[in-house]
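A short write-up of the structure that comes next.
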Amino acid sequence: MRRRQERRDRALSAAVGALCRALPPPARPAPDTLRRARFDRPQATLDCWRLLYALLKQIHGSKWTESDAIDNQIRFVKLALWYHGYDRPELYQLPSDGSAGSRELLLAFSWLLHRHSLLEQLLARNRVKTGDETSVCTCEDDLPSSQKGTAEIALEYGPEDRVDVRYLQWLNGRLKFQWRSLHAQHQEQCKLLHKIHLFTSGSHTDQILGHLSVTETDLVRQPENYKQLLQLLESETMQLEAFLEWKQLEPVYWQWMETVLDNMAEEGKKCESRDAHVEKSRLPKATLCCPWADSLTGQIDRLSRDLMTFRDQLHKLVTRRKAAWCEKVKIREEELQKEGFSTAAKKIQESAELKLLDLTCLCAPTKNKMHGLCRLVFRSKHPASKTGFSSSVSKEPVSAVSATEVIRDLQMREASLERELKQLQEECRQRLDEIAEGLDGVICISP
Amino acid sequence: MSIVTVQLGQCGNQIGREVFNTICSDARGAHGLCSKKENESYHDTCKERFFFEEESEVPVARAVLVDMEPKVIGQTLSMAARSGCWKYDGHSHFCQKQGSGNNWANGYSVHGPRHKEAIMNLVQKEAEKCDRLSGFFTIMSMAGGTGSGLGAFVTQCLRDAFPTSFILNHVIWPYGTGEVIVQNYNSVLTLSHLYQSSDALLVHENDVIHKICAQLMNIKQISFRDVNQVIAHQLGSVFQPTYAGEGGLLYSRNPLGDLMETLVPHPEFKMLGLRNIPQMPENSLAYSTFTWPGLIKHLRQMLIANAKMEEGIDWQVRPPRLGSSIPSGCSTNKPLHFNTSIANLVILRGKDVHSVDLGSFWDPSLYTSWLNPQDAFHAWKTPRAFNKYEKSASLVSNSQFLLKPLDNVVGKAWNMFASKAYIHQYTKYGIEEEDFLDSFTALEQVISSYTIL
Amino acid sequence: MAQSVVVQVGQCGNQVGCRFWDLALREHAAVNKKGIYDEALSSFFRNIDTRSGGDGPDIYKGKICSLKARALLIDMEEGVVNEILQGPLRDVFDSKQLITDVSGSGNNWAVGHKVYGCQYRDDIVEKLRKNAEHCDCLQCFFIIHSMGGGTGSGLGTFVLNLLEDEFPEVYRFVTSVYPSGEDDVITSPYNSVLAMKELNEHADCVLPIENESLFDIVNKIHQMINSGKLGSTVKQNSLVTSSAGSAKSVQEKPFDAMNNIVANLLLNLTSSARFEGSLNMDLNEISMNLVPFPRLHYLVSSLTPLYTLADVNVPSRRLDQMFSDAFSRDHQLIQADPKHSLYLACALLVRGNVQVSDLRRNIERLKPSLHFVSWNQEGWKTGLCSVPPVGHSHSLLALANNTCVKPTFIELKDRFMKLYKKKAHLHHYLHVDGMEQSCFSEAMSSLSDLIEEYNELDATKGGPRTDPSRLKIAV
Amino acid sequence: VADGAGPCRLAAALAAALGEGAERRRELEGRVARSRDLLRHWGSEEEEGSQPGTGSSGGHENRPSPKELEELELLNKALEKALKVRKSILKTPLEVQGATGEKSVGKKSCGFLQEPSKKEDPTAESALGRSTSPRTVTLQEKGCQLKLPLPYRKAYSRNSRAWKRCHLCQTSVEAAAARNRFIEGIQTTFCSPMPAFSPAEIEEELKVLQDIPALLSQHVEAESADHPTLQREYESLLTLESLQTTVSQCLHKLQLLRTAVESQMSLCPDCTGDAGSCSPACIPPRGQMCDSAGMLAVPLLCYSSFQELRDLFALKLKVSMLHQEIALQKVMMAELLPVLESRLYPETSAAQLYRAIYTQLCEGGRRFPVLLPRPRAV
């Protein structure tokens, strides 16, 4: 019995160890932290907050700053967990000074670990960059980071400083020019990149890649500059090996976590009566100001309004069409029967369904879309080098997307954004036309 | 970073050739008065901008030559080839048998659409030769038919085909009188159309350059070649390499973009004037010395007094006192003849360039009320001397410089339009009275916007 | 480069044309020393391989083999054309370029226009087409004819109509020699007015020439030469004398000197389109700049200098004199005084070693003494061709769209009315098929309308100038 | 007098965008400079000096360990294949070079790595001018003969093998069961009832729905034309009817999302306390959509031509630009329209202000309208 326990302990400590080693170095906790958290030791609490903070910050793509005050870190972690749908109320009641709750945090960590494939995500995200990495999605662009810090800059303008609209036009113009310069730079980078790929064809030891990346080409030329890269690569290899180890030992960890959960449930029952009022105080909420909710509700309202108008128009159209159709059918009933219209109708139904299939697909978020960074690889359409060109070929140890696919995706995105912009501009045009009518004695000649 | 030059019509082709000549001889020259390394990187940057090199051959200008009649192109190609230090690509030109006959409508509505594909193919080819395409520099006159009409059309095509490239139109403003009778019509149509598709219009007035030839260059019998050489010198002084921004370490690889960003972000203000000092006959150059403070002082006074050259500057003109002024729209308190700027770019080339004090250009009273000097003023520098001038300074200015010439052209064209003279020549090719009216309206707005700065 | 085809109709047209081809060959011979068929040559000449005999294929590049004029010679009498075919220019034309008859038009516009027009229409079209086919870019037709006779005025204007129908895109320049008041053809006022209607409606540009003016110019030159003042310094090879070896022979063939002036007018008009220059002036620019309203397309021309000095180093005073002369009354090719009339537009076509600063200086100098219509105060068009005419260092052709042509038209109208009131000689016309009295009244009112248009413009002269108010902008 | 506080946020947003753009340009310029440098000149001296560890000397002196030999074997195999690929990509004269190279490789696979291109290809050697005077060559001339340094090759292959193993590694049944038990367990302790969507999911769903109205309109437009045959007309009618269904579905989805937002709002940790403390700076975290889990092995993005590469980057840039443009347009609408509608500005500048705002809001700042005085009523 005891030997079994010992063996299990040893397995558990190996699992926790592997887990910790598989985490990225800046966030890597000591295995002891997790063990202590299991017993809800207060001294592990701060470490646990820091761990979650570091991990979540990495997932959210922004810089991890150790210097952030602990209460800010805690606030961020709570917010991020909420955002991802972690709804265990106990976590949100933890004190904001980080004085208690390490076990609660261990639970949250474990939940994240599975629900968000934390390890896999972080490994992929932090992958050492040796190739010409480029992102295949535009997720990072979705929210202009310029919104951040806007508030601060806005404060620089005192309320008495009037900003002339012509100055805004000037800034906007500069912004437009800047994009063009950026475009030219990108085009050049593409040209150079392609040349390097073409010229180094066949030089890479990894035949799947074939050619060198810019970094690798430079590395050939001046290897002394790339000592650090080599270290990173090695440390990543170790992390990966730890991950493999973890995958072997994983069951122990989850069983262990189950016991943690059970223990807590038991304890929870004991003091349920005491906590009851807390539970309640969270639920009845006055509709407070929440910018996030406001903005989303606004979007939902706008969309619903559009869709409802559309629905009404469509309804009218369909009614009219139907009436017309019935009329026609009535007149030509016999004729149609002779032609065997009913069999044809089935086919027509099918083709109509097919037509809208795309649309219904578009209504649901595509989960399996490619995200993140990829290594750019040149594969000419030469028949000899056809290998691995189609997307996600399972035979290959690599997943590959073709640029054609990404381009198609981007084109759709572009079209939809352009539509949105046009709509906004049209909306403005209508409002400005109304205003123009109110302007005294002038006629506006639009360009 | 490369610029593709598009030379349109007789004027565009003649000037284009002089520009490449000037740039090439300046870059090759050993008179840079700077270190060997400096000279080399200047030379390399210049090469990349304007030329590409076929294996061990003479550099080939990144240019497309377009004209509707063959004489000028033939002459231009052969003159360039004879220079021995550079040449045009033998295939990068397009011409037809018969000119546009000074008729803007003929160039714009007939020749343009008819030859669009051929011309744009040449441009595309030239663009693809560039690692990084900064944009297009089109050279044309606004008086004639090919440069102006076809030029406006080609500019539009460039905008459509290269929506992310910069387009700078170099426009030759005809002599006030005596070149082409319908020049004011052609100019109004050209300017209004360019205002739609171009990013900036860099203007040279023939009358001004003619005066420079007579009074500064001491040329007795002034030919078009003389005029064009002065223009080429001034353009070279802007487009030859300079360091990017204050204290930059590298020669800028984005000349057109940098220029546009600093001078013409506002869609209503696209007219650029150019001043360059000193200018003098080559043989007097050796006996003259200049100081930076002197040059800067002159250049600034040329700016605020709207002097066209370094002679006969009105030194009485002073900037308005700030604070007492009512915000824009009310120019009554402005000193008479004071030239208000939107934005200015000063380019300094030559000895001791880094110690030059440009404080007088940072004066907020030089600029329109809604821009501060940090946004409105920029300076580019290089210690490399330009075209044998030990020190030289250029000013590219988006200001009221061109207000009066523009007002004149529009006024004269309007007079003619009121009597319906020559309209039949345009309607023949599909440009109707309505089109004229649209052009007049747009330009009156530009005039108004510049007036109330 | 674009090409032009010359259509010379009638006796006068063919005589002038003959001088034109002679001078054109000389000019190209002087410029084109290598004997290479070049673009400039191609504008008026084809180069044909004649080794295989007959009308061989065109040669576009290389040595000159055999030059053929891009011309169509039309006359309803054989005399002049036969003379040409026996003269030194015989190789320049071949039989496929000729249309002749033997009976003549009898100084009757109606016979030329209606009878011969009808009869030769297909032949003319066919031969014009042949000419056009030899051009890779046909830009211009030059019609040379006289207004007073029958063939030139009648058939000439018939050809003009034909060109408009068959080649609507090609410019039509007409050089019309107007009869003098003492013309020996009695019906010349009829012929001229009937022809004027056609010119009004179908020509792009008309260069009116009056025999009287040519005669005066030739006489004046002779006086100067004979007075001895200039005799020793006048070059043998100058403008008027170039057809013959010496000044003497001018007297032997009095019309040659006059015709040479007209031929030179055409050469200078087309020089900038043919040769290099720092400010080219293509033929289509002429009507674009000089014709503000469709019917006002009569351009008064003047040529200077009419003779050259032996001194090669022309002082600029001489150069400026050339500009002054071009505006003087006695250098105009019609009896008119542009200086005291109203300019609608003016073109200066300069050849030789003249630069833009010379142009500007002279325009500035001359402008104050000239009256320009209010809406075209800067109505100057200029061209600089670097190749001077043979024997000159420079030359100037001034083309003026000026109300000074009006008196010529009024005089014509008066002479016409004198005859028409009496219905004199009308029956000669009316018996021609398709000719009715209304033709006369319509031609008359066409001329009157033209004169009225000039009158209206003249009325604005000297009055207070008020510019129309500009478009207003809100801000 | 106009209230200046409004456009301030816009000015700030523009300034921030400009700053960010400048940063992007600087960063990219650095990369461009590096690539240009690589393409320009390769001093042959430099190249020789830089490869002491990977050259023949390193291989000869130390006897490799069995493990290293094994690795070398693997590398050599890879190189052989690479040679074939190279042959197919670069035609003449490399075809010839490749063929001779292959022969020598076939005979002595082990020596291949130790002896760089010397024996393999005498023509290339002279082209490099290695034995004679130091000559600069370009990447074009020598690119396909480059060799990555041995330490890197080793580290790289070990690393990529590790990735490969990770990719193939699967969760055991046992682990999955334990994991799921835990997750189910913990989720029963969540606030009941559990919202159907997490905030992140709400945002994602909403983003997808944004395009639907426009797409639907397109479909309807396509169906609104006259139909020549009854069949087509019937088909069109059916299409329209199913569009109705789609619309209802979308509206239903929106309803669900609205409820989800409400319930999430009540849970939002930052909104629990004092009013207005919900800081917009934290919500929502950036790039949440960008969830690359499951992509354990080296993901590749393959392009087949320069044109494709160019289009790809141009499009990416265009999309980010549009994102920014839309965001700015929204700020502008929020800030500029009220200024104009408030009519608080001096009357004289009304027209001027109107023109500027029109240019910005309706024309994307590109083209400007003209205001003419209205002719007096007759």
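Annotations for the structure displayed:
Each chain carries a letter (A, B, C and D) given by its place in the written order, and its residues are counted from 1.
We adopt the following convention: a contact is a pair of C-beta atoms (placed from the backbone, for glycine too) under 8 Å apart; a residue touches a chain by one contact, two chains touch by 3 or more.
In this text, all values refer to a predicted model and were calculated from it rather than measured experimentally.
Here the chain at the heart of the structure, going by C-alpha means, is B.
For the pairs A-D and B-D, the larger set of C-beta contacts lies at A-D. Note: the chain lying farthest from chain C is A, by mean C-alpha position.
Distance between chain A and chain D, defined via averaged C-alpha coordinates, is recorded as 12 Å. Here the CA centre of chain A is 81 Å from the CA centre of chain C. Per-chain CA centroids place chain B at a distance of 39 Å from chain D. Between the Cα centres of chain A and chain B there is a gap of 48 Å. Across the assembly, chain D contributes residues 29, 32, 314, 349, 351-352, 359, 365, 367-368, 370-373 that each touch 2 or more other chains.
Multi-chain contact residues of chain A (touching two or more other chains) are listed as 166-167, 169, 171-174, 176, 178-179, 181, 183, 185, 187-188, 191-192, 441-442, 445, 447. Counting partner chains per residue, chain B has residues 132, 164, 196, 267, 329, 441-442, 444-445 touching two or more of them. Those residues of chain B that touch chain D in the complex are listed here as 132, 164, 196, 253, 267-268, 329, 441-442, 444-445.
The touching residues of chain B, counted against chain A in their complex, run 1, 131-135, 164-166, 196, 199, 254, 257, 260-261, 264-267, 369-371, 375, 441-442. By the touch rule above, chain C contacts chain D in their complex via residues 471-475. On the chain B side of its complex with chain C, the touching residues are 10, 14, 69-72, 74-75, 96-103, 145, 175-182, 184, 210, 213-214, 219-225, 227, 329, 410-412, 414-416, 418-419, 421-422, 424-425, 440-441, 444-445, 447-448, 452. Partner chain C is touched in their complex by these residues of chain D: 349, 351-352, 355, 370-373.
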